[in-house]
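First chain A sits with chain B, and in the next complex the same chain sits with chain C.
Presenting the complex of A and B:
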């Protein structure tokens, strides 16, 4: 009996690990291709505004009588691309800064931390709004997400790097005369892998939030374009007539955030043998 | 939890702790890590668990307490406490908390480096503050930990002190079950005796029992009511240590590895000889030591023979003049220490725990530069810090550190760790490098399968030998070894010492810091570090006869 229980718990654990990864992969593949699966052109009025679901419009129509399903299928690409790009840049910059600070300590570490504190003192959304007045919406999202996220990444990476710097294997590498980049790449970075993975999930969710917020405020994609976040603000007035026009874009938006955050968490917690 | 009325105790027939068919497997491929084990410990008894390095001793303890690491699980077997089964999971956790004291194999890694020593020791104590302080003080005194240590943090104490702090911590609540994983591996003889005394005082006490993993046959013989020998047996093909080389004829006879993976041996009578054993043939005579290296008769390894450069001249390879060592907080450890390590020589440094032996090695290796004094390599000045040493100097001085947990990169396999110095110092990459790395691992007694394992999948003794192989890979002129045989079973320890003995005839001079008299006995000269001075050999211990010193089976065998 105990054997079967162990078997069950193992497979359940495996399912918990693989589900988010599978969801993230499916989203990454499907979201850019969704536009081609749309039953109607997403920008054309095809029926009366706020038509409830039914018939040729499984999710009804929106404020201008456009097909909600088509718009949801077509509307995630820019949001997803921007968030992934912003998160990647934030994690790379933050990791590099953190390694520099944690490894050299002293003045460099203090400088990095002061810069980070300064950036963290400004709320990310305010930063994004200010940037959006000067820059195109997409650029503003990326810059704001990097400025808001990289200092956090730098801080956790820097702390852990400073700790690893004192461990025997790093000393041994230094005693072999390895160059600092070689020590960082071979001895330090592999042991930060999980930390960085977990952090990347958080950065992605933050970037997604910033991108969505700017779009909702009308600073991102402009009206005829289908976009999940834009749909939320467009369809809010008709929530009583066709709630699906509001729910349909909200679900994939939340789904993306969950899938990527959970994938990062999975990588961070995978037993070493399985990596 | 500490209540123990006689009424609670069951009849004498029921063992306090029993395990039936305890089995451990790896989760991802189902390989058996620990074949079915039965054990029983009666009231007031001490069970010693011995066996070769990598046989699963630590895994057995973890399986007993249900604290197996990720990736291992216990598919079968029951643990009984006073006859009642202890199911895995939450009941086991409650049982552990209420009944067990646990001392891990790597105490330095187990202790929170930010906690003060007194807080660490007293954490499990349930009485009021005053009683706790008294108990902590008594334990520290019992284990010869100086009172000033109480206010230090765990990150600031030596390896041997950490081990005793961890032991005091596990003893503090007077647990009914005490589980000790190599409690004396980092301790000198006198301190180890204190630990033995602490364990002995629990013997025969009703309602108390001890499980003790040790390689120290003397300790096991003195303390144990029963001995459980774990043998590698059927797993030999996958997990075993490399078969002992032909130079170890006596080994199997002493430590029979039976095909039945595990067997119980009844009580071993206490050892008759309490030889305080030590090192050193009489006065230090370094110059006569280096045996003529000629004729490649000795099976030296290639990397070592390459470094033969300055033939065995009387000139020392490494010397220090007026070396001053301080602890990180500025307490002096060594005033004006002079030592000379001749080519092909073997120098052992012994001394009580916490006197700065590891700091000495770190200073020589450049890891923690000394506060003052001069270092000389082949008669030329050697810069204090690694940053200012050139590659030739770095290669020449190699350190194999004490803490095997942090000494190896957790992300790299054993083979990769060993291959790296080959690439850096000798430009050996790809297949030749991997081949050479496997050769080196085999030379220290690790089978080639182990080269694909990461440190977390290796036992403490196996990790120690990977660290040694990595240091050898550089082809050093001076090998600095910090407790090279701690955590090794006698057979593996002898294999390692024999290897070093062969290597030094044509290769590196060796400087070891050790608590193990058997290791010190291999040295040409023994320096005792105590009272901030390096003095030739310990003044208190008598010499052994030359026969004993030269006997190649030095490691602890004479106690067994």
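Presenting the complex of A and C:
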């Protein structure tokens, strides 16, 4: 009895760890393929606007009488690609800055930290909105995600790098006469990979939020693009007539954010031997 | 739906704004005429059969936000809740009739000189302000001059009148001078010529009026009005009218379905459709209130070629657009920019979708391999973006790749309107002569289609100097034929103004423009 309870709780814990990762992987694989599963052309009017679910339209139709299911299936790729790109750039920049600050210490570290604090004082969304007035929507998302995310990455990476600099294997490598870049890449970075991976998940969530917010405000993809966030603002007026036009894109959007955030948490907290 | 906030509209566009934009449309829709809407007030013919009952309170939820509330009836009129109160507490010179023709109100009759640039108005002798003093010609002239003086605030509402040269020769006569012959002058005086006592300068609180109701109490959220028993006109039925200023159209609609208000002014088609299933409401439809034409500039490629313009007009599936953008609460239009105007020619053949012919025209114009254009739109008014997206789909069928670009609402009217070659416009019930003055003469301040035609200019000038109404109608309709054939507008339909009302409300006006604000003959069935 006690064994089975222990087994159950173990498998539950395991499920808690693996579910987000599985969900994230499934989303990343399935979303780009969704377009091919769409029963109707996602950009064509096929019925009256706001038709409730039923018959040929399991989720009804949207503001223009387009099939909601088809649009949800076709949407998301651009949003995810853009978020992944923005997160990747933010993590690379942040990690590089963090390594530089953590390794050099002193003035460089203080400089990086001051710059980071300055950028973090501005809310990410405000930054994105200001940028979007001058830059194309996608560029604004990347730049805002980098400016808002890289300082955070730099901070955690910098702290950890400064700590690792004093560890035995790093000292040994330095004394072997290896160059600084070689030490950083071969001795420091491998020890930071879990930290960076977890951080990347959070950067991805931030980038997703920025991209979705700009799209809802009309600064992102332009109609008739089947974009989940754009669908939210397009279909708001018909919320009472066909609520599915609003709910259907909201679910995968929230699902992505959850999967990435939870994956980050799982990576950060998984005991070493479990990986 | 009509949250006309004048603050959204930049002042630099003053003259054009008079009619083309949010606030402008609101103001000048009053000067427009629409053929009588065929839907009787408050829905069914039965609503008119019973004899009116006196008494009761009407609660009217109307667009308005505290930020732009004002007690000045001569300013921007950005808040409909204020306009409703002004329409009930002040007298105006003329009002729009249900057939689109001007009706007397404070002015009992009017007569032009031979040149049509001096109008002699005779005022009623029995009008009194609520403090007992008579309404005199001097009060009228003072009020008109005050409107003229606030041109920057009210987008030049009376800019076509020369108020300096206008006079008040006796107690009950006003002679108004116009800057050019202006056969439609009485129409330009409809609805918005609120008369206050001469010399009034403090407009920080409600000023004495002479209208059918008097103000009992006001605040940023609305007002309570009680009947003015000394009013000269037909005795109003309602004892009290409570005006509730509600900015959000959905909230107005919900107020009626929830029983918190008796009427919701200007709600969205989607709100009407969602309320449609309930037995608790009826719909007042006012024709020709919203129009989102697609505007092509004649001086810019590829629209400088008349075959391209014709092809673009033939690409439009007008019924699909009306059914989608207005959810069917509207009418298909025929590329005349003011189809509701009494002067619109009635005998033109309706343009319908003809993909084959459109493709052929494009090929003849040298675009056999397709054509790429950018169609600008915005979200200022509900459905503007939807209209553009659907039309882009329809253009794809004739081989045109139209990229829709949704511009921010706050810069659209300065950066896109009257500047870009192809965009989604907005009209809110402007009259044909007003539209011509601001946008279709060679010298018009905002000639958005770059329409420059000598015959058109001459025809309009002659019409405005023609006293004979029938002859003037012919002239105005003649120049519209030219526009129909060759102009830069794709006018696919007009949307109805929609009000929701409780089933007991009777006698709500359903005429054009600001006529909806003159609810002094409304009543409540028991």
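The definition used in the following text is that the second predicted complex is superposed on the first by the 263 of 275 C-alpha atoms of A that agree within 3 Å, B and C clash if a C-alpha of one lies under 4 Å from a C-alpha of the other, contacts with A are read in each partner's own complex, and residues count from 1 in each chain.
Definition applied: contacts are C-beta pairs under 8 Å (C-beta built on N, C-alpha and C of every residue); 3 or more make two chains touch, one makes a residue touch a chain.
These numbers come from a predicted model, not from an experiment.
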- request: Check the residue A:247 against both partner chains and state whether it touches chain B (first), chain C (second), both, or neither.
  value: neither
Message: Is A:50 touching anything from chain B or chain C once the two structures are fitted on A? First, second, both or neither.
response: second
- prompt: Looking at the overlay, does A:175 come into contact with chain B only (first), chain C only (second), both, or neither?
  reply: first
Message: After the superposition on A, what does A:120 contact: first (chain B), second (chain C), both or neither?
response: neither
Query: On chain A, which partner touches more residues: chain B or chain C?
result: B
- request: Scan A:198 for contacts with chain B and chain C and give back first, second, both or neither.
  value: neither
Task: Using the touch definition from the top, say if A:223 reaches chain B (first), chain C (second), both or neither.
output: second
Field: Where chain A meets both chain C and chain B, residue numbers
entry: none
Field: List of chain A residues in touch with chain B within their complex
entry: 2-3, 6, 10, 167-169, 171-178, 186-187, 190-191, 193, 271-274
Message: Quick check on the complex: what are the chain A residues that touch chain C?
response: 43-45, 48-50, 63-65, 218-219, 222-224, 234, 237-238, 240-241
Field: Touch list for chain C against partner chain A, complex
entry: 268, 270-271, 273-274, 320, 323-324, 327, 379, 382, 385-386, 388-390, 392-393, 403-406, 408
Touching residues (chain side chain B, partner chain A) in the complex: 26-28, 70-71, 73, 75-76, 365-367, 386-387, 389-391, 394-395, 397-399, 401, 403, 406-412, 417, 420-421, 424-425, 454, 456-457, 470, 474
